[in-house]
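These are the structures in question, set out in turn.
Next come two complexes built around chain A: one with chain B, the other with chain C.
For the complex of A and B:
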């Protein structure tokens, strides 16, 4: 990875002492630390860029995705140089919200943005970014939210079962000194001066199309090719890949690509099952990942996978991306009326987490996660079963719960897994 | 039904063989024309005369008809046919520059989908719906409406899904007992989609008559025989505490909860005892041998 690789040049070379004629050192081994010679600006030092932090597990440089709850599930954040693929929900409400959180986080941290879309003008997307929540305002609202939920009885319950208070909870509120991830108010817009102060590049595909729409199926990679050229140009000119050594301050490029794979990009994988250029999307992802790995950038892509007709393409796309998160909203489905899901707006599936310089995955043990969009917050919580009522309740509701509990993973307790309920 | 025309963007009218949608399309066109808007019609499936029949002359004068039915492949070369074929006609509508509310009716979108590649059609539709938002940077408030008639049974799930994701409003026609109904799914940006069902009928002069549902309600009602059960009745423990009981419960200290007084009481010996005493009563089987059994070991 570009950013935090320890300086391998010195260690790897087995040059003799004679060969090492660098100014300060006697040997060719270089020590990692502030005393190292400044010949290589990219390595041998942990780069301190605003809005990033090294991972506590493997030292990988991480950026926040804009949602601290999602950061926690991905192992601290999104690694620089990787792709976060979001499988859109059916009406593209929550996935576009996550997209905007990512971009808003970039503006707050002072990163450069690159927004690509075939449907909306990037300037319009930037106008709709959510406003950041300042800490003291947020604490007030969060406290009153918590008070509304807690009744006096719940304090009594925990008095006897005091051991449960020691269980780790998924963080759903603001960490006091959250410099890394910020909270956003989805009902307010980001202030105009912050947007204007930020640096951003926009790619709106209909503008780049030639004026005459040619009907012949020439190159379905036309839209993708143009986008890749644009990204490469920005990375090169702005020096994110280290090609411009006069750069005074290193910065991260946040790339956001909306609705990749939809018909508006010129790709017909959403229309037919056997398409001519079924590999154009996978080629695009491959080249994009190559560009990202050699530069200080992180990318978020939203893809309407529910429209892709060929399931093999979805599997290939998942393999070619680093982190894959799927959103499934309950709007319009029969789960909306299911009592199990009544507090939530949808399910979130962490489909893939990358192994970066690692042999093991960093997955959490919680597989059943649900999200809800409260007035100002997007929270991700573990899905809990409601308490099993006594057997004077009518049987049908118990059967519903038993049916839906089959969908849950083993983390939710085995008691509700069976169809028969034990009566004592 | 008003919301169908109020929102701009693409409106998909999905019909089927049993419940045809062309009459609804004509009713919506008539409504738009009566509001004083310009209506452009791209006719592909029926001839112009057949389409215009049923409209009175005032409405007919406001309709601008682009005829693709007579000569779709431009064979006649007399200059009557539209240049560029159907896609050229769509693009010509994209480049329209005069202001004012504007409605385009596509009759039918199925024909266009069968004759054009899906991606080109989607891109043209997107350009049509959004063209009024950014002509040279200024933002006009007038919505552009594109009404597209789509025959559901002709297409697979792929193109239907692709067009649904582009549409602002989807009206699916169905019905029961001889009455037509429209399931309207409207997606406002950044809001949850709203689904409503509207029963209607179209009068011979193509005006829309909104109605309530058919007489027989076939919706499932909750079963009235099972009364809602109170789970807190017939329980073997006491769920309701009186005030005295509640006070006694609150003041009880639990064995694992160490308050500081309890800790001090355990650590410090009480006032009555100087040392601790063990009271032991040996019974018959006890062997009171004072030797240390470990002496046998040679350690």
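For the complex of A and C:
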């Protein structure tokens, strides 16, 4: 692994070779970098693409989601060729923020963007992207943000609470000179020149409604069909699936689809329980995943799962996606005034992480995660329930603790859903 | 192939049984390690395998297979493995109109179709080839997984019909085996899936059910495997045998141990 460190944090072919040989396989381990079988058939060298890095575990090519804390929880980043499904919070505040972080990360890294929405014009979405925190500016801003917060500084050894030093630390501060994963200032906008220098394709569904199409009866909703055709056209024409051999520089296509499944796309799963075309969304996800697996692209989808009436569809959608993250914000719920959660804005549940090219996967030990949006940073932290100190506190909060442990139980990952919580 | 699982099931690649339907069920957890086990097991047992892989790409199974000691590319080249890659074919079927019926033709259809083209594909793939080549031992159909077919617009009855036709063609006519994976979401939310699961459970000879622990997530014990042997033709003849083990998935193998006997605890 020393060779990986010396060649920097960028992706290098030597890095992946070290990773491959360190697995001590008897057979020559031909590792395909990106999933595109057309581009890398028989080639074991990893192409270096800006903004990507190979996974430590299996050499899978990863891109950053725009939030280094989330990257760490997902095992280093989002694998190229997979879908990240974000289950929206109730008022779609924080999920749209994650969506914008993903797109902003693409602009900073020079990736091509494809933004699809039925609610907002993609050009407007791009205008609202957060500005990146660059190395020189952030340091002093960050320091004043965390002046009264425990900074995980490994130089300071804890003398009294030394057990806490062994707890896993979640990435909560900007790392200098990291080309993978940047921090963004949600209060400022992305500079106009960066947006104009980037390459992006927009799909605004109301605009495409009017155009005629040779409709072959298919159980996909009109909106999903047009979107799939648009994505396939972009992938094919720009050569992300290796079909265009003149492409000199390989690049990643970042696809962002907002509010998939909502009524604005013409789908009625959010309206009724017995819908006419209940397979439309799942078919769309399947074909989309087929497109992604055969091209150098990564996709983020936000879906209002709290509106979907038919629970079976949510289970099917989860099975058809690779990585699923659920957001639950405290706004409007009784938790907002609960003293247990006063430091946080919501809970984040990592519902599913894919096992790619492997029997096992990176699963974080920390299952109770909460997020908060500070003045400039979106941080994800381990949820610490404060100790019960007085009688009155315990009586009211025990109820909440029982509720929250029931909540955290199913959130305990894809390995098991525990119904009985241990009572000692 | 996991040697410990072979011991539990009392099978070896030399003595593979024939004419059996094995049902793999992942109840709220990922049962794909069982698919990798059976794929490498039957390839090592020198059987002709038709793998209908609807969930992941070929390179995924290939890389895991290499860790388990089989090479899927080599097997495909020598004709031992017929691989239908669902994800890649779905793109072809969906965007380009095909001349002849494609196995995944139902993706283009508006109403609930049937799986007849897929059945024809399987039958064609497992046809005995008698042109002097090395004869494979017995044909095996492996499907990963059947619950996805429900998400793609087919009804539970259509999938059950498909399995029935395949059983006649593979298990009865050619004395081969079928291994299929079904998800179980639990809680009775997905009625179609429950119909499919119950229907298949009554037809299968061996059921491997991977579930999570009832108490939640544990780093050292990833879940519990229930093995149930059945004789579908004589439902009340003898008591079906059943065993329960807990397992932990590692990088290249899965270790099984009796309940409560995890090495981390002892």
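Couple of notes before you dig in:
In this section, the second predicted complex is superposed on the first by the 316 of 424 C-alpha atoms of A that agree within 3 Å, B and C clash if a C-alpha of one lies under 4 Å from a C-alpha of the other, contacts with A are read in each partner's own complex, and residues count from 1 in each chain.
The rule is short, and it goes like this: a residue touches a chain if its C-beta (ideal position, glycine included) is under 8 Å from a C-beta of that chain, and two chains touch if they have at least 3 such contacts.
From a predicted model like this one, the values you see are computed outputs, not experimental measurements.
Judged by the touch definition given at the top, the superposed model places A:256 against neither chain B nor chain C. In the overlay built on the shared chain, the residue A:92 is in contact with chain B alone; chain C does not reach it. Put chain B and chain C next to each other and count what each touches on chain A; the higher total goes to C. Once the two complexes are overlaid on the shared chain, A:291 sits against chain C while remaining clear of chain B.
Once chain A of one complex is fitted onto chain A of the other, the partner contacts of A:279 are limited to chain C, with no touch recorded for chain B.
The residues of chain A shared by its contacts with chain B and with chain C are 217. Those residues of chain A that touch chain B in the complex are listed here as 91-93, 96, 118-119, 121, 124, 128, 159-160, 162, 206, 209, 213, 215, 217, 220, 262-264, 266-268, 270-273, 304, 306-307, 309, 331-332, 389-390, 392-394. Only residues 25, 27, 29, 31-32, 35, 37, 58, 216-219, 228-229, 232, 279, 282-283, 286-287, 289-291, 293-294, 311-312, 315-316, 319-320, 355-360, 365, 367, 409, 412-422 of chain A touch chain C when the two sit together in their complex. The touching residues of chain B, counted against chain A in their complex, run 87, 91, 116-120, 122-124, 126-127, 133-134, 156-159, 161-162, 165-166, 187, 190-193, 195, 226, 229-231, 233-235, 254, 256-257. Of all the residues in chain C, the ones that touch chain A in their complex are 28-30, 32-33, 36, 57-60, 63-64, 66-67, 71, 86-91, 94-95, 107-111, 147-148, 150-153, 183, 185-187, 189-193, 211-219, 222-223, 249-252, 254.
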